[in-house]
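Here's the structure we're looking at; comments come further down.
Letters are used for the chains, namely A, B, C, D, E and F, taken in the order the chains are written, and counting of residues starts over at 1 for each.
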Amino acid sequence: MAIDLHKFANPARFLRITAVIFPWAAALTLLLLGIGLYFALFVSPEDYQQGNTVRIMFVHVPAAWMSMSVYSMMAISAAVGLIWKHPVADLSAKAAAPIGACFTFLALVTGSLWGQPMWGTFWVWDARLTSMLILFFLYLGYMAIWESYDDPSKAAKAAAILVLVGAINVPVIKFSVDWWNTLHQPASVATMDGPKIHSSILTPLLIMGTAYMSLFVTVFIIRVKAEILNRRLRMMRLVQLED
Amino acid sequence: MGSFFSLLKRDIQLAVRQGSAFTMTLSFFVIAVTLFPLGVGPELSILARISPGVLWVGALLACLLTLDRMFQADFEDGSLDQLMLGSMPLEIMVLAKISAHWLTSVFPLILITPILALSLNMPGEGIGAMILALLLGSPVLSLIGAIGAALTVGMRRGGVLLSLLVLPLYIPVLIFGVAAVEAAIAVLPVGPHLLLLSGLSLGALVLCPLAAAAGLRLAVD
Amino acid sequence: MTTLTEFLGMGGYGAFIWPSYGISAVVLILLVAFSLRRLHRIEADLIPLEQNRKTRRQNKSTKEGAAS
Amino acid sequence: MSLNARHLSCIRQDRLIFKNISFSLNSGEVLWIKGKNGAGKSSLLRIIAGLLKPIQGEILWQGENVKDDPDIFQNQFRYIAHQDALKPALTGTENLRFWSQYFGTDNVPAALKEFELERIADVPTGIMSAGQKKRTNLARLIACPAPLWILDEPVSSLDTHYIALFRNQLVRHVKNGGMAVLATHQDLELDFIQMLDLDAERGKS
Amino acid sequence: MGSFFSLLKRDIQLAVRQGSAFTMTLSFFVIAVTLFPLGVGPELSILARISPGVLWVGALLACLLTLDRMFQADFEDGSLDQLMLGSMPLEIMVLAKISAHWLTSVFPLILITPILALSLNMPGEGIGAMILALLLGSPVLSLIGAIGAALTVGMRRGGVLLSLLVLPLYIPVLIFGVAAVEAAIAVLPVGPHLLLLSGLSLGALVLCPLAAAAGLRLAVD
Amino acid sequence: MSLNARHLSCIRQDRLIFKNISFSLNSGEVLWIKGKNGAGKSSLLRIIAGLLKPIQGEILWQGENVKDDPDIFQNQFRYIAHQDALKPALTGTENLRFWSQYFGTDNVPAALKEFELERIADVPTGIMSAGQKKRTNLARLIACPAPLWILDEPVSSLDTHYIALFRNQLVRHVKNGGMAVLATHQDLELDFIQMLDLDAERGKS
């Protein structure tokens, strides 16, 4: 009797759906990035307080949004993976992590590049900045766990535990500006009473935000596909050993 | 329950016998905190200003120091396998280990804190708050630490991960703990901060044993 | 010409704005490139194994066919 | 009492260790697992003890799947591994007393007596000789009695006298209605023995 | 010499493979230094004022963290016995272990120090001096640490002793190290302090391997 | 070559383990040290290796006291202890290569071959089975050749095939002019064997 390899069954349906989405997502990313950058660099006016530096916002804020959304998405996938043992859920959390780490890194770097002209320093140890740094550490820890276990099913569980425990950090980042008085400015787009900034800035910001989101989807599809194929690769090597 | 207390008793006995946890954290804490005035210089005003931070950071680091042995020693000599075969739920077993860790590695720190706080010139109002904040908040350190320790036990790259995983999660305790002491020094109400710390402890008490037990199940596999 | 330098200068903040955009571009492009490279490598590794399996299946079925 | 294993397969680190192992064991029997170094004896014992998850197959205790109701198998067996599970800083007695309290049993003095440990029971196990440690480890079987013994090379580094002594313990345990799964390279010349040769099993498929 | 380099190479390989020493101290150092501003508050002037002290204390503690494994791991798995049977003098063997410790656990700290110093708002003049002082002074940390590690290897109460023995001996390094940085910040001559640090290193280089080797001979008995 | 021990006595933790042990061993001979668990076999081997100081007595190599001139005995022997001296994170090859470099010898491929380790040599020793670890440990004897082998239970946890294989290695080593001091509970059925029974010695005095 052969080993029941059903567990490792190829999530073909997932691949089929993503194959349809992929070209659209890639095209949308390029289109929106083009428009967004044009608006951001040429059309949108200078801020009366911040001058031209406000243009950093168009790369800083979408990255910051994505860094938190991606982590939340990973936490949900991890929970699904743990509870329903759905193989694609674990893999999608794994695939999303490096993307989220890149966005977090970008939010940190662009933020500190903005900080120098605005606050006179690249870095301050206030709650929002620090909790972002922690988020970056959490991403690194998550990826390190995947590296540290040789057995992928074990790694998936360990990483899921970590990502769920770390999820408490997301609300801390989001509300840190409200809970502690910090240098960083409070939310003005994603608030309860709707956006508070002028549409000449809001429009390009939202376009860039959507562009980043579809960029995420594009890269995510590539990475999940790689993870799924990688799992199949391992499985087939195993079968070869068995004979 | 018998199992719980027997494990607790053994871990305390081991700590006393080997001295490893018990006095190790204690001396680390004392020396770390005494090194500070040496490094920063003896100006009393600055010392007083930074004393809550120094004490909390010292406690965090001292606690971290013993975390990696929480399950590692049992893993290496095969005791962990046996512990997992007992009739009590794994989560309770983990809770016994966590309690032992807190009693042997964290509690002694709290006892010595008043003396260190005085030596750092912390105002009297702050010292009481410091002790209370430590008592209420420090269980979180052992509880969250257990997750890190369980996830990295037997791992080839354990060491790195442990501090990378655990320290970020310690930050809320640090922030609220320091805030409580500074509020007390500024003669502002301390209650809300202490409530928050207790809330963290209770939350961690419920969640962490579950996560740590899940981590251990992976380790013996 | 002046408009270009003005544009690049960004009112004196060019030194902060352009690196922000630059680093964002570099990091995101690298992310895409590495992700694609990994996918292609894995696909390349899979090809011989898939073929192997196919030929083995065929062998098996022909053998079974012969046996029956 | 009965222990059944059905179609167990084990993969470690992407390597298939064994597949499709089945056996059934009843009161009064010993199962001797044989096999070359690396054949998977220790892995099989860990699977039985529930420490390692088989990739496939199941363990039944009294006819019930232990996965469905872990409680029934809880504390029904004692597992002796390659490693000692002894704390070097504690004495033999202290170590045994801990384990017996942990498993909710209490038979330490008898255990010390059976394994002739009285004279050295108050020495920290850290400075015991290899054989003395092994005996203290084995004494757990008596200090914390259980119907099923899972034994991984129980007699390695014992001298002939103590091998005989351990053999007698095992025979008595089995005669009294106990059962044991045993992996060892040395033949203990037991009756009531069933053999499971992992090398032969591998050849079969 | 072949033996020396093979041992050095193995220890580095182990550190890389296990990640234990390598990244452990590094992440500990980074996180410890990151925690400080959180505890002390974000005021730039205070941070700048205490930054040399924080960095030096952080480095000391990070170094201490890995010391106890310097010989302990080899002792536990029987490698220490074998290492003592080689044909090279025990002192040289110890020196190889010390070099490996410095390279894997201390040197990475020095590499990351500039970034941390910047984040603590240390003035530019101080950063160069900080690096130089660390380069010249930090070998003392590994050298003195080796004595503590050797004396406590295999000892039942090892942990306590190690930090008690070692940290007091670290104090001169700390004091001169901080003094060098503060001199640089105050635009005073740094040379004398750096000379003192080098002197300490040379003295330790001669004495410590002897003492550590003697300690090891006791341990295997 | 010759190894002599004169009037060795050993005290550990205030307990007299043995006293007044003497023997002399020449090229082509094996000394089998027998004794019950805790008789002091491992202690005696550690004394010979110079790791433990006897309370009394001396060791001579080629007729010279090794205390007077430690260099002459340096690197003349290889010691296999109860513990593995293997780093779990490194593979078998890496471990062996390190030791052979450390001892200034180089014979790793032959060692792997002799102990049939080729197939598993690139697995980290941490996940090897007990017998695989032991074989890797024994392979050090070939990877770092030396005239005197000091062997503390070399065959524990080996299966019969590898016990025979190791016995052949030992016979060949001795035939080629080597010598060995061996403590084991299992009879390896060697010729050229001298016996030293620590239990009997204890009775004598």
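Keep this in mind: contacts are C-beta pairs under 8 Å (C-beta built on N, C-alpha and C of every residue); 3 or more make two chains touch, one makes a residue touch a chain.
This one's a predicted model, so the numbers in the text were calculated from it and none came from an experiment.
> Could you let me know which interface, A-C or A-E, is made of more C-beta pairs in contact?
Most contacts of the two pairs: A-C.
> Report back the single chain whose CA centre is most distant from the CA centre of subunit E.
Looking at centroid distances, D is the chain farthest away.
> Taking each chain's centre as its mean C-alpha position, how far apart are subunit A and subunit F in Å?
Each chain reduced to its C-alpha mean, subunit A and subunit F end up 58 Å apart.
> Which integer distance in Å separates the CA centroid of subunit E from that of subunit F?
Distance between chain centres, rounded to whole Å: 37 Å.
> Averaging only over C-alpha atoms, locate the centres of subunit A and subunit D and give their separation in whole Å.
That gives a centre separation of 49 Å.
> Which integer distance in Å separates the CA centroid of subunit D from that of subunit E?
Using C-alpha averages as centres, the distance is 45 Å.
> If a residue has to touch 2 or more other chains to count, which residues of subunit E qualify?
Expected reply: 17-18, 31, 38, 41, 76, 156.
> Residues touching two or more other chains, restricted to subunit C: which are they?
Within subunit C, no residue contacts more than one other chain.
> Listing for subunit A: what residues touch at least two other chains?
In subunit A, the residues touching two or more other chains are 130, 137, 151, 237.
> For a test of understanding, state which residues of subunit D touch subunit F in their complex under the given definition.
That would be residues 12-13, 35-38, 42, 82, 120, 123, 127-132, 134-135, 153, 156-163, 185-186 of subunit D.
> For a test of understanding, state which residues of subunit D touch subunit A in their complex under the given definition.
By the definition above, subunit D touches subunit A via 7, 9, 11, 13-16, 19-20, 55-56.
> Please output the residues of subunit A touching subunit D within their complex, sorted ascending.
That would be residues 1, 3-4, 150-151, 234, 237-238, 241-242 of subunit A.
> Using the touch rule from the top, collect the residues of subunit B that touch subunit D in their complex.
Contact set of subunit B toward subunit D: 2-3, 6-7, 9-10, 13-14, 17-18, 76-79, 81-87, 220-221.
> How about subunit B: which of its residues touch subunit A in the complex?
The contact residues of subunit B facing subunit A are 144, 147, 151-152, 155-158, 160-161, 164-165, 167-169, 171-172, 175, 207, 211, 214-215, 218, 221.
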